Amino acid sequence: MFIRFVTTGGTIDKIYFDALSRFEVGDSPVNTILGEGLVKFDYDVVSMFRKDSLELTDEDREELRRFIATDDAAHYVITHGTDTMVESAQALRSFPDKRIVLTGSLSPARFKTTDAVFNIAMAVAAVQLVEPGVYLAMSGQIFTADNVRKNREENRFEVIS
Amino acid sequence: MFIRFVTTGGTIDKIYFDALSRFEVGDSPVNTILGEGLVKFDYDVVSMFRKDSLELTDEDREELRRFIATDDAAHYVITHGTDTMVESAQALRSFPDKRIVLTGSLSPARFKTTDAVFNIAMAVAAVQLVEPGVYLAMSGQIFTADNVRKNREENRFEVIS
Amino acid sequence: MFIRFVTTGGTIDKIYFDALSRFEVGDSPVNTILGEGLVKFDYDVVSMFRKDSLELTDEDREELRRFIATDDAAHYVITHGTDTMVESAQALRSFPDKRIVLTGSLSPARFKTTDAVFNIAMAVAAVQLVEPGVYLAMSGQIFTADNVRKNREENRFEVIS
Amino acid sequence: MFIRFVTTGGTIDKIYFDALSRFEVGDSPVNTILGEGLVKFDYDVVSMFRKDSLELTDEDREELRRFIATDDAAHYVITHGTDTMVESAQALRSFPDKRIVLTGSLSPARFKTTDAVFNIAMAVAAVQLVEPGVYLAMSGQIFTADNVRKNREENRFEVIS
């Protein structure tokens, strides 16, 4: 099995610069997380954007869609900011033969306590098991792209009731 | 969804006692890991054994099998030592309506660097997606109980070729 | 021995809020760090400010000075943002019988990799060993308040040459 | 300033081998801890023994004493198992011009929660501040070699009353 990881920024990638008291999108922690997970499958990591997900534009989403459309992999895990993860997932719903799982985290991967490892690992398991389509792995659950929303007040993802 | 976690000991649960320079099986880290993962499903944790998996007997496996047979849950994640995880998985292959995923870790969950979080999270995702049956989540992959072995030399799980 | 910890904010206390993609000053990590350090002396923690140190005013420094002047402890560790730690240290130079050590960190204590634990621990050791006066514990070293500066370009504290 | 770190084994260096369910003395974590602490002084790390401190012999202590006697550094931090740290400290009491601080930890440095970072950092601060002599940095305190014991029941170091 081969999984292509595509990183787009978001909280999961956030780092902190003391000199400026600023918090910015940095290198992806995906390689570190897969290393700790002692995974034994083939993969690579493509860095596509470094943006808060509220700053991702329709053009960015179209660029991401085209990248996957013309790329030769069959299994994708996309790390993404949580605020527009659902929008990006829905913009990707058009590949009959590809399994795509989006994930991210509510606290930065570089924090001592973070949901980043858990979410990446869920996405890795899910992309091996699902039918072709687009999914989200967040809040301890696997959602289909057309039946999920972020509940901001409660800081969780949930099925649209 | 409801997941019942059953803990049986193994490396994932190991703790260290300085006064004795001894390393023993302690409380399960499952609750801590699910808390960090910000999971939003219902679950409980049942502590069944606290043993290295090489010390688990046929009677222990039969007790585990009977517990699940008479229990009312449909989704199980079982944490287990890695040395006999495959044997225990195979001893459990008899429930037409239950999804069971065994997992554990190669380094203790209490270590700074550990595969425990990754493996628990894979098991959580897998148990939601698989058909009824018994599975292993290790080495970044999901295996069926009858087609996996631990390769001790390389410290990994792999498909029986 | 009794040590009074006084927290004033700064990078060491920074936390992150996903819903707003914002990084703010939060609760002090001092209690957690002392707990991990298995310390066996008496102490308490007083939260005085929650500010980036660039936002601390002369009035704030005067309030801190008055608090210590009228307080009955003899040993203080003050956590502080790094940008104006030296200014605050110099504003405190007037207590013949008190030992005061300021410290902080260049990355937040809540990060996986942080200098916060190291710096707090140096301050704890130093406050037990120094003559009365005001000191800084940063960059692996103990400085006197009147002979230290932050070198922003190299993100370190150093003796004024 | 230059500090020479000498490692002798003990809990602080413990690592875990899954294949054997065994816990052994491994590489010293001193370099990693100093890196996280963002220290800016010169140092090196000499690995002398890799033993539980109960296994250290009088010959080992004499070898350590001779090493320091003929070595050219003035500041030493020695990491050591806790069970015989006091004995080793007392065996070293004979250098008029050297500052020596022994430290270690009650849980392995590789654990998520450990006193190792705190203790190393206290030792680093202490060795810069003390008069020539031999000291221990444990339990949040700095002790002189001739007035300290390990209280095993309470798992702490304390002054001999």
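Couple of notes before you dig in:
To keep things simple, chains are lettered A, B, C and D as they appear, and every chain counts its residues starting from 1.
Everything below uses one rule, namely that a residue touches a chain if its C-beta (ideal position, glycine included) is under 8 Å from a C-beta of that chain, and two chains touch if they have at least 3 such contacts.
Bear in mind the structure is a predicted one, so any value in this text is a computation, not a measurement.
The chain with its C-alpha centre at the largest distance from the centre of subunit D is A. Subunit C has its Cα centroid 37 Å from the Cα centroid of subunit A.
Distance between chain centres (mean CA atoms), subunit A to subunit B: 26 Å.
Centre-to-centre separation between subunit A and subunit D, using Cα means, comes to 44 Å. Among all residues of subunit C, those that touch two or more other chains are 106, 113, 155. The touch graph of these protein chains is a ring, one cycle where each chain has exactly two neighbours.
Interfaces, counted as pairs of touching chains, are A-B, A-C, B-D, C-D. Residue ranges on subunit C touching subunit A, taken from their complex, read 11, 14, 16, 18-19, 21, 23, 52, 54, 82-83, 106-108, 110-113, 152, 155. Those residues of subunit A that touch subunit B in the complex are listed here as 1, 33-34, 36-41, 106, 113-115, 117-126, 128-130, 137, 139-142, 155-158.
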